[in-house]
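Take a look at this one; I'll ask things after.
So that you can tell them apart, the chains are marked A, B, C, D and E in the order they are listed, and the count of residues begins at 1 in each.
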Amino acid sequence: MDFVLRRLGFYLIAFFFAATFNFFLPRLMPGDPITVMFSSQGNPLPVESIAALKETFGFVDGPLYEQYFIYLKSVVTWDLGSSVKYFPQTVNEVLGRSMVWTLFLVGTSTLISFFIGSISGIIAAWNRGGWLDSILSPLSLVLQSIPAVVLALLFMFVFGVALNWLPYSYAYDIELDPAFSWEYISSVISHATMPIISLVIVQIGGYLLTIRNNLINLLGEDYIVMGRAKGLSETRVMFNYGARNALLPSITAFAMTVGVVLGGSLITEVVFNYPGLGNTLFEAIVSRDYPVIQGQLLIMTLAMLSANFVADMAYVYLDPRLRRD
Amino acid sequence: AAEQDDKAVLNIAPVQVTSWVRNFNPYNQTTILPTTNEYIYEPLAIYNPMQGGKIHYRLAEKIEFADDAKSVVFTLRKGVKWSDGQDFDANDVKFSFDMIKANPALDTRAIWQRISAVEVIDEQHVKFSFPEPDSGAAIEIVRVPVVAEHIWREVKDPITFTNENPVGTGPLTEIERFTTRVYVQCRNPHYWDNSTLQVDCVRLPQLANNDQVLAAAQKGELDWFGSFLPDIDKTYVSKDASNHKYWFPADSMVAFNLNLESKNPGNKKAFNDVNFRRAVSMSMDRSSMVNIAGYGYPTLNEYPSGLGAGYHSWNNDEVDKKFGQYSRYDMKAAKKLLKQAGYEDKDGDGYVDNPDGSAIAFSIIVPNGWTDWVNTVQIAVDGLQEMGINAKVATPEAASWTSALIDGSYDAAINAYFSGVTPHLMYNTAFHSSQLDKTRMSSTRFTNPELDVLLDKFYTTTDKAAQQQTMDQIQMIVAENMPFIPVFNNPSWYQYNTERFEGFFNADNPVAKPQPHPGTPERLLHLLSLKPKS
Amino acid sequence: MTTSQSLSQATEQPTLVIKNLCVDYLLDESEFRAVDNVSFNINKGEIFGLAGESGCGKSTIAFAISQLLRPPAYISGGEILLNGDNTLTMDKKTIAKTRWSKVSMVFQSAMNSLNPVLTIEEQFRDMFYRHKGYDETESAKRAGQLLELVGINPNRLKDYPHQFSGGMRQRIVIAIGLALNPDLLIMDEPTTALDVVVQREILLQIHALRKEFGFSVLFITHDLSLMTQLCDRIGVMLKGELVEVGKAKDILLRPQHPYTQKLWQSIPAAFEQNIAEQRATNTREVFA
Amino acid sequence: MSGFLKMLGRNKKVSFGLFIVITYLLIALSAPLLTSHEPNKRVARPHQAPNAENVMGTTRMGRDVYHLFIHGTATSLAVGFGAGLIIVVIGTALGVSAGYFGGKYDEVVSLLTNVALVVPQLPLLLVLAAFIGEASPMTIAIIIGFTSWAWGARVTRSQTLTLRNKEFIQASELACEPSWRIIFVEILPNLSSIIGLNFLGSIIYTIITEATLEFLGLGDPLAVSWGTMLFNAQNASAMTVGAWWEVLVPCVAIAILGMGLALLNFGIDEIANPRLRTFSGIKRFNKRVKQLKAASLNTPNNAKQSTNGVIYDN
Amino acid sequence: MTLLNPPSSDILVTVKNMTKTFNTGKGLHKRQVHALRNVSFELKKGRALALVGESGSGKSTVARLLTRMHLHNSGEVLYRGQDINEFNTHRELAQYRKNIQMIFQDPYGSLNPAHTIYHHLARPLFTHGHVKTKIQAIEKVNDLLRLVELDPEATASKYPHQLSGGQRQRVSIARTVAIGAEIILADEPTSMLDVSIRLDILKLLNKMKNEQDMTFLYITHDIATARYFAEEIAIMYQGQIVEWGNTSSVIDNPQHPYTQLLLSAVPNPHISFTEAAIEGSELLEQANTIREKSMAPIVETVEYNSQHFYAQHD
């Protein structure tokens, strides 16, 4: 319990840091969103209208500390203001819209890669030097070192454009309305296939290698040998004695990779026009939609924090040495 | 989809977005849907620059200026109804303008700087007064959307109002389907010009970028759109040569700017010498810019006045004769002129310096990510370097680029100018002393009292010949001083597919600007001229 | 003397026979013989001690018995007969059945040989399930009995290894080792990390249990004094070879191999009086 | 050293990785020799497929892809090594000092590190790059360097904590060695493999990230790097118009370098970890066992000695 | 507590009522470990005090407190009459530490894996100014290695991982000798040695003690070597010294129940279990009672003879 409280305290501090950073970031940068929005192309707005618009969006001048407190209050109440680009939609609406999709993409791909990566890592370590290991380990290294962009682009061109096997834009077919129908669900699945596969490829190598190396380090442990000496079946020893212990460090890695996955999903979403947070963030950056950018960073930080929290808790749950009765 | 089968549905892609947001507020500048203006809110009239400023009357039947050009009276068409069946009249017009006045954030065209009052004369007549004689004001007045008083009176905050179920006077007011991915907007049952309108609905798929537009276009899913497509003959036309077509008439003028008030003394000296500016102009390989950087889509602009093909009817031939040589690519002449004017490499760093020995070195700024422009500037820099001028490319963010142009904290830049109904808008925003620091158009900071007088004079009359005469003089002054260095006119992006519809504007049928984008009121004319193929 | 009686019966059918065992480590750069032509037997109910300095191959022999050696170890020759069956030629299934039910093992560092993330009960259960097909309640009951046997309260079955002291963990491993009534219990330096008092407690327990259940023990350590106290017979190893095998008393009093003699000489006597006494007794014995 | 080389020779992964990385380094270092002109120069018609003149084809702007690739290699490597260095130096300095000195200082550093770890990296970089504007590859390298040290700091800190309690460090303290000497002479050498891993990992990460940022158009489009090559290719819809070479060259270049570095990293891991080091593989083992068996079969007299060798089937 | 009383000039270190409590864990897990409770003893010139006890009884903690690696909570440690807590400047502390050195318990942790044996021995020689030039250093290092029966040629250039545990322990001893301290705190210096070498090392230490008048605190749980090497012995249990005095007197006539228990458990090759089982198990049955009793704070010291004292609990 105490451990949980300590961690929670840390998360609070971390979040506060991130929020503060978030506040100062746009204020340190040149150019303000309204001017950018209306001066980039087409007909620039006259200065007078820009001034009026700025006021509407709440870009008030005033002492920095005052702005900062107002900002902190808005963070606490999670009232992030309205999007500039999607005005008058609020940041919450804009983010809420895209969050579901990112959760779906990131969640599914993470689960898949954690599952497949861990299992194949376990098998590779157990048969270290065997053919599976000789193929899988270098392969996952290679996969790990291919940027998500490159992967997504190649997928899109090969399977989307050239072979035309899978849809490569947006989250579901344009003609469908969200509904609980097979048609809609299958459309969602087929649209998510390529983004998910490319995300899985980005992540899977990491899981595989982490667990493989962990397990190899554990193989010499006496309790593994003892498991075998007890006459237990290989699979039982492999999973209950080896993998379970080797997974522990993977869980921390798991939390760390959430950051990587968020990054990867960002790119993947941009490439596949997937309506998730990443795409929204990129769009917001391009159009200097500060409120949305700020909201995004907050949400992503929160996501990281919750991932860490879950990992912490899972660790405590899985490792009795940390548990207290 | 079934009930749409018997309807004539036109697929258009006027903008690229990642998601549709249901917002039909015509004064909104951000999420406003591209079918709001003109299609829901019919303009009073449409000025057609392609036809020398011809007026196509829509909700108005007549526009009459007072003789002193200090006021204008619009006569409204009889029998026009809002899409909910209520009558449209002069009070709606007055209400709309007054609302904008009360909420400056809605006044996105700064109309209240040009008008001083709106009066309802009777149900059919409304009068706008100006602080000064201004025969150009009507051009701006008709760009302001007119909304229904009986609806908007109830709206508490017109700035955040999203107007989800719009009531309009235009041809397409009924939203049949709306998702973040696609929406369909159909015929207004009460439309006054329903007999002309042959298109029952427009359908707008959400497309986020050029690649997606291209993919959809290749499959023939778009009827009318305007997007940059690389190698268009190969990627689009060749997929169905008999139906896939495009036309890129000249649009806004693109020019290089040298800041006459550069903070760098050496540069400032050089930039203020017209010979230097001319040499720079002659070093610009405009056709490479058009063909390589612009894929051949832009229109070459070798008018020393920068007027451009779009306004050719206004052109003063004298100007071309006198100064035309300076706006054509001629490296030899450029080098010669530079040398004659005393620019030589004095300090031996390989780059030319001012006659007094001070160094010239500058970066040309171009917004990051505007690839065709970046490439254009690189071609320009190639030419400048060849001439021995120490020029580089710099790619700040669009925001920094804009503010540098507005506040004059740059050396050199590439820039685009307004294209109005007449060339006056471009010249006025670029060179009138009152416009300094207001927009990025005034970036070269070139002003000239004589020019101010001429620019002010242009709209004091409604007489076309007098206007032409003023414009001739303006062109002469600009060409003589070369305050900007025009290189080409941006293309108006416009592609179409004749498989399902006919009547598209094109080079053979150049009725008006053809692009479907918001901000082009002529697209209403275009819509009305389309007919489904039987 | 009960032990010598059982000894004499057992000689006819030894529990374990190791014949000419050779084990090589095939490393990338070198190959070396860790166990060189070692032969010995362990009779039924006998405690056999294997002594020798660190690295001489004691553990390697222990692991070889139930095929637990993994690459790079390679058994290049010899036979290991457990109740007459050669464990080296057994197939996977048979060896898995044989492990623990016939030969169980207490590891060199028994502290670490319990899986840290499973409760003690689970570690009993998987073994019972595998070999006896016990269900949960049955295995818990049996595990409780075993824990009692080694002096640990059965209500601690649901605890995790880290909640026990080193000595307790060691005893738990012994309890698990005895669970299936094996013919042979291998104890590879089971008490190195413990202090002498705890060490003594555990060994006395083993000694008593052995009498009760009649299993044989292969006891490995480098503490010759301890070994002579506990074991019936002792083998002394030097660099992979077995240089001397004999009754404990003989090894103590009449060491034959120079290495064994050197070992004895290097142990300072803790109890000078006792030693003097013993010497005297021995002399008497010898003359008797 | 020779032992190290031997180890390299034996470890195929490392030698392959090393080969790749050295090749790239050579390309980068001799870029001026390998090219005949400025990479951004227009030398041919747009989008020429690879031919004798332009071995890797040309871009939409008529630039020679080969020249871009060579110079891009130099940029990417400089960026990668530069940022890698920053990351390693900051991470190691913070981690080691926090671990060694402990106390309040450690608490502050740990807190900072943990905060830095939970801030999502790429989004942050994106925002920073966009806000800074016209981010040249070196700027990007510096941003990445200054935002990515946390992992290294955390790992070196925990390693230092373990080392700190090792008795050889206490022995040095007892011998009254000054702190700096203990850190540099006694602690750092023991962290070399961690630092090496961190360095190589950071290089891969930076190269990938830089390419990503530039691909998204947040870098300096005039810089010649693999990222801008991708960006320009994407802008010119190179794939759609069939100019695959414009996309393929940077993609493959990044992927291969990434692979080389990753293999090297993997190798360091193996060399540093004795458990992985002493024994390179079952295959070798099984081969040797077969040899031994064959030998014993050939000498039937000796059969008794070695009939029972077990070949491990895994 | 008064100890044996030799001439006071011979007393180098006096420890009076030293207490040490460790705070471990954080938050709710916070716990206090009373590692030492009121420990007093003296180290006399040219003599060895053996500290014997079960593992975890606080033996190493005593040594660490003497080196000032940890600070004690209460009580006094006097070095030649000076309180060591008053050595506050780096110089004073260095001076003190030069005189009091420790041989660490764990030979695997006490040598830096990143450095050669030469480095380990030459460093203190230089730091403490025993040698000036490299040539001198090499010679001195070789001498030291020979002293602990290691082949200088073969050993000096090796790394710790290339040595066996016993060899490392000998290097540790050589290092301590190199510093030239007058007091050596030897924390189980022979625990990892093969039996055959153990005696040689003890002989070496003995020689140093006798010939160079060095003073030893000899920590062990091997009673036999304590008897062999140390003049005096102190038996520790749970942070308290429960019995102390002349070594042979204590070993031959143990008075405190824990000492008796400990001695009865020491393996005696001449009494086999089969013969002695009953006797042994009887004592062991009492083991837990004895442990419990010995945990309690000491209330009184009883003098067995003028050279032998033991404690009494409630």
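A few notes on this one:
Please note the rule applied: a contact is a pair of C-beta atoms (placed from the backbone, for glycine too) under 8 Å apart; a residue touches a chain by one contact, two chains touch by 3 or more.
Note that the structure is a prediction, hence the values are computed from the model and not measured.
With steps allowed only between chains in touch, the distance from subunit A over to subunit D comes to 1.
Among the inter-chain contacts, the highest number of C-beta pairs connects A-D.
Ranked by how far their CA centres sit from the centre of subunit E, the chains are topped by B. Centroid to centroid, with C-alpha atoms defining each point, subunit A and subunit E lie 55 Å apart. Centre-to-centre, using mean CA coordinates, subunit A is 53 Å away from subunit C.
For the pair subunit B and subunit E, the distance between C-alpha centroids works out to 91 Å. Centroids of subunit B and subunit D (each the mean of its C-alpha atoms) stand 49 Å apart.
Contact with two or more other chains is made by residues 369, 397, 399-400 of subunit B. Subunit A has residues 30, 161, 286 in contact with two or more other chains. Of all residues in subunit E, none touches two or more other chains.
On the subunit B side of its complex with subunit D, the touching residues are 210-211, 214, 229-231, 234-235, 288, 292-293, 368-369, 371, 374-375, 378-379, 382, 393-397, 399-400. The part of subunit D that touches subunit C in the complex is made up of residues 10, 278-280, 282, 284-285, 288-289, 292, 296, 304-310, 312.
Contact residues on subunit D toward subunit E in their complex (touch as defined above): 166-177, 185-186, 189-190, 192, 274. On subunit D, the positions that touch subunit A within their shared complex are 13, 111, 114-115, 117-124, 126-128, 130-133, 151, 204, 208, 211-212, 215-218, 230, 234, 239-240, 247, 251, 254-255, 257-259, 261-263, 266, 269, 273, 275-276, 280-285, 314. Remark: subunit A residues 10-11, 13-14, 17-18, 21, 25-26, 28-30, 126-130, 134, 137-138, 141-142, 144-150, 153-154, 157, 161, 209, 213, 216-217, 220, 256, 259-260, 262-264, 266-267, 270, 278, 281-282, 285-286, 293, 296-297, 300-301, 303-305, 308 touch subunit D in the complex.
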